[in-house]
């Protein structure tokens, strides 16, 4: 693709994720060699709030109607940070309009929507239109390094994996009801919010999809004070699953919003025939690696401070040992999206990969609804799944 | 009970656990105020080896026939460190002979045996005969402190619990076949060896039994070189289970012998409405406690070095900060057994508690055999279980 | 001060620190409520490089002559990121021209220059002109929280302090000679680069200046390959000092560039009559606090993840548990500078505080030159010091 | 030496160290192949207390007069655990009587005594009489492994070393006066108690003696309540020193008894041209090793859990991952002493090595008394030193 003019970017949404993406759009061209782009417009429903956001977050214009924005010729990239129930409609329309699309995770709230989105992306891909789902943790340097080491065979054949994502913001049983705790608005609880990251991360690191799950979910605090009195919480607080992969690898997944004292603890462990890896998002700059081919005498998990120029993405930033934060993963995501657009090559995670995560989430629900019985991912059918 | 003369102790078994118990018998009266006892006899099948063990481990005599030893009037306590398939026969005979009994964990290899043992212990208890199953980790000071904090309400109502016990000694796929990897001799793999500790620990810390499980097991290395060629491994390498408790607490259990780089990593996490606790056996002197009632500004997991006189069992040992090891938990176990005998009070973990662990293990097998379907512990029947 | 128009900012320097400051100028108004400003001009000697930097780092214009820039009426703030030997000349001229000044640390290469700068800043202050020296680590949230806890008395009377700043980029004895290793260009080695941070941090946390030092310095690799053959390294690789404070507190300082495997390890420990604090820059989001007024049974260093809205500066960023990086400390620095300018209140660290650090560094040199003999800071005289 | 009968052991002292040594004497022959010995007699001044100790700690007899014990033909080894001011007299007499001698650290309270002891040991050595000073930390498996790695060149040429030993038992300013805080009884404070361990450890690990020191000492709590009113503390609470070695290595030493929250934190760090090592006594089973010859991408400090059969001393104990405690270092010490006696080979640390530590401590005092001025160890003269 020959870029005649700067790419035009539209961002839809200005809440938490809109802020995080805006930050990344402000940062990416200072750190990386990317094609020129302009932050043209931010879109939101409330005119006053979106106007304020445009000024604060650095967008040239603001708008309230995303459909109108999709019609603009000067918009090349649509970055979707809305609640999940709007992802499908906007993304499909944007792809149809020939825009490259980045959509926040999870891909959609329902499996049917996710399938439509993946289909639309596959069609658009033939015309050189790129699409990406925002599982940003793939671009945490330590996790990108982990993937590199796995691909190089440094851990051998992976056997046992463990992933957990623990938070505690629902620990207080008196915390009030909100839209996030109602199934009709949020789709699910920790499942869509946290388990989606966990599943994508495992599939990314192993390079293969989950094939079977056995799962259980629970709502520890079943009612909470709502605006009109006590109300039932209709989403999960926590999810447990045992996962199988086609290679024979197996593992556990556990996510929670009531893990008291755990703030944002995404933990990943991989145990292979030749080594092992461990990571914790609260210490985002560190990867722990054990090389089992070394003599026992000096074998041990080594703490790699992933802040050196030799590490993925890091040479764009600061000298050795100067740590990065959570937000940098979004900058790296945009870097790869922009380079893909410029190079005319597909970007990842694709919508198909996002759909793959949704299938696993649907299988988790199906298994949990059937008392934990093991469910084949292949059997998951969008007509029966939420 | 008036102790007219030193208690006579017989130890049956001289392998790993026989060594660990011998060590504890040598140590306990130097550290603690306990009734007088004598290490009278160690019993084993091989005369040469048991004779050598007697000298090295500090037993006055040795014998090869445990039945004869049970007939001796000068034996008051029988400490059973044999393989699990002999536990029931010896323990029941010893109790019938009026001896106090300590039996290594797990209580037995089959549920039926465990039930008989618990029955025998209940009968003997009426005559003041004490029985204890050797879940020694209850007496690790940090875990005893954890139980104390739970009992005092420092973590509030426990909701989510996590326990894992990871080892790596089967990581090498070329490691040879052994009796530990055959179902007929070992009963099970990581399940009986590691999950039994994990289950007892959770039931101890929560003060209530598991009520339901959903589980999966796997053998990652399905064949190994045996003396007569390649042989099938017939026990599990790893187990995953989701556990429910009557109080509403839920949690995960994961044990493995192929977790590369993990040497002896029993990890326990408890998340409650008022706080949280974390422990790792590889850092046996530390307990991590978070008090969620403190202001957020200074809230955090604190590392308690459990080496102060204020901590359970510790004042018997060294001054502040002088760390203890794995073996000390056995010394504490004997201390409590001996004090229970002297005081005429029951000791714990009782055989009934050991049986409770066996029921959970049987339920795990039942669930795994039924594709992970949730199983009620109450439904476990010794006639159908291994 | 009534701000009639956006403040105009000029940045002088575009190397490592110029990049870090540019990043902060791009970020600060998205995160914080600060007076409006414009990134007007970046200044550097090489026209081609500074032009490229202007585009990449987000400055409206570029220039090669800082004197001309100081004459511009549309420049209100001058941010000096040049090598240290230019700090004094530029800062004094800028203050004389009525510009607010931010100068990177250390304040200057010589004590005499630092004194002149402090004098100039004091004069300018009377006219409402603000000046700040860029000891950015004061604005790491964890260290800002540490200062808050000290000020609130949570550690009681501070007695013993420990600070070390360890790096390893000179470990390789074959690494080539550079201007950083020659006294005439760099002034000193680890002393000015690392010890300056360490000293400022201690004086900040304790709220009082160092009064006496006993010190030693060393160059472990005394020669290195230069462009014209082997050349003598004329700056220090490492510095050790024992520090005393007027309150009676005492402590150690140790900095190094040959601490193999340590990438950017600024470690601070404070031990007081009522508690203790620990911090490590490689885990920048964590502060360890021990409250010695709690019962021994549950006393321990707690790991505070300093990522909550209750923590200094954090509410401007992301939700709970989303970690920040090294660069955020510069954003916070600018926030406080801009607010000070808007409010008409002095900002810190002042040039006087920067001078205070220089005096301690000079005393370290004096002591090291006199075989470690203790030197009073009060005796340090700019006429005799480097 | 042909051992005709079991070696007879006498222990002098029954307080903390007497207990720790008794424990080791009870343990050593169960764990290691050592010549036969008998715990014949324990000696103490108070008949009632020593009689009780004999029973509890496992000694056949007790006595109150060490001189009489030295005359006994059935005593071959004298283990001296008295206060330091008695070390010289007893040890010299025991060596003269042809007994092998183990003396607790530090070797003596004064340099003159230490010199006499080293002389006596050298004379006795010619007759095959062994002597050892009890710097037990050399036999912590992790530190023995550290020494092995240094000797094998795994860290290259050692440049910078750091050792600290921090405790907090004097943090409370109202804690009463005791003999340990008076110079006439204790000799010194943290210096003799903690710095002696630290110095020996460095000299052991580097394999060479300290050659120069610059030091400072301080008493943070200068008065304490005594039996007859407020009394001056006449020993140090904390010591700081910069140390030089003949090889060019340099480092820092810091010890304290007022480091709030630090219970028994002996920390050692070695930075060399090819790698680095770190150790902390509170996590006694771990050694951290960085191999700087590996590619940067996967370089990092690895945590070696020093609990494998391949590690020093460990194969005598439990299977993989079963951690040891503080007390095991004494068992290892006795093992090496007994093997040395049986083999007729010298044992270490020798009295000469103990003397070497004393010289460094004396140099620290001399430097601190001279405002931190650097002192050559070679200049230390027992006639002028305490």
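We just call them A, B, C and D in the order they show up, numbering each chain from 1.
Methods note: a residue touches a chain if its C-beta (ideal position, glycine included) is under 8 Å from a C-beta of that chain, and two chains touch if they have at least 3 such contacts.
In UniProt terms the chains read A, B, C, D = Gfo/Idh/MocA family oxidoreductase.
Everything numeric in this text was worked out from a predicted model, so none of it was measured.
Of all chains, D has its CA centroid at the greatest distance from the CA centroid of chain A.
If you average the CA atoms of chain A and of chain C, the two centres end up 36 Å from each other. Between the Cα centres of chain A and chain D there is a gap of 55 Å. Centroids built from CA atoms put chain B at 41 Å from chain A.
For chain B, the set of residues touching two or more other chains reads 262, 290, 299-301, 305, 308. Under the stated contact rule, the graph of chain-to-chain touches is complete, every pair of chains being in contact. Residues of chain D touching chain B in their complex: 16, 19-20, 22-23, 26-27, 29-30, 56-58, 167, 169, 262-265, 281-285, 305, 307-308, 317-328. Taken in their complex, chain B has these residues touching chain A: 155, 159-160, 162, 164, 168, 171, 173, 214, 216, 218, 220, 238, 240, 242, 248, 250, 252, 254, 256, 258-262, 269, 271-276, 290, 292, 299-301, 367, 370-374.
Listed in rising order, the residues of chain C touching chain B in the complex are 145, 149, 154, 288-291, 295-305, 308, 310-311.
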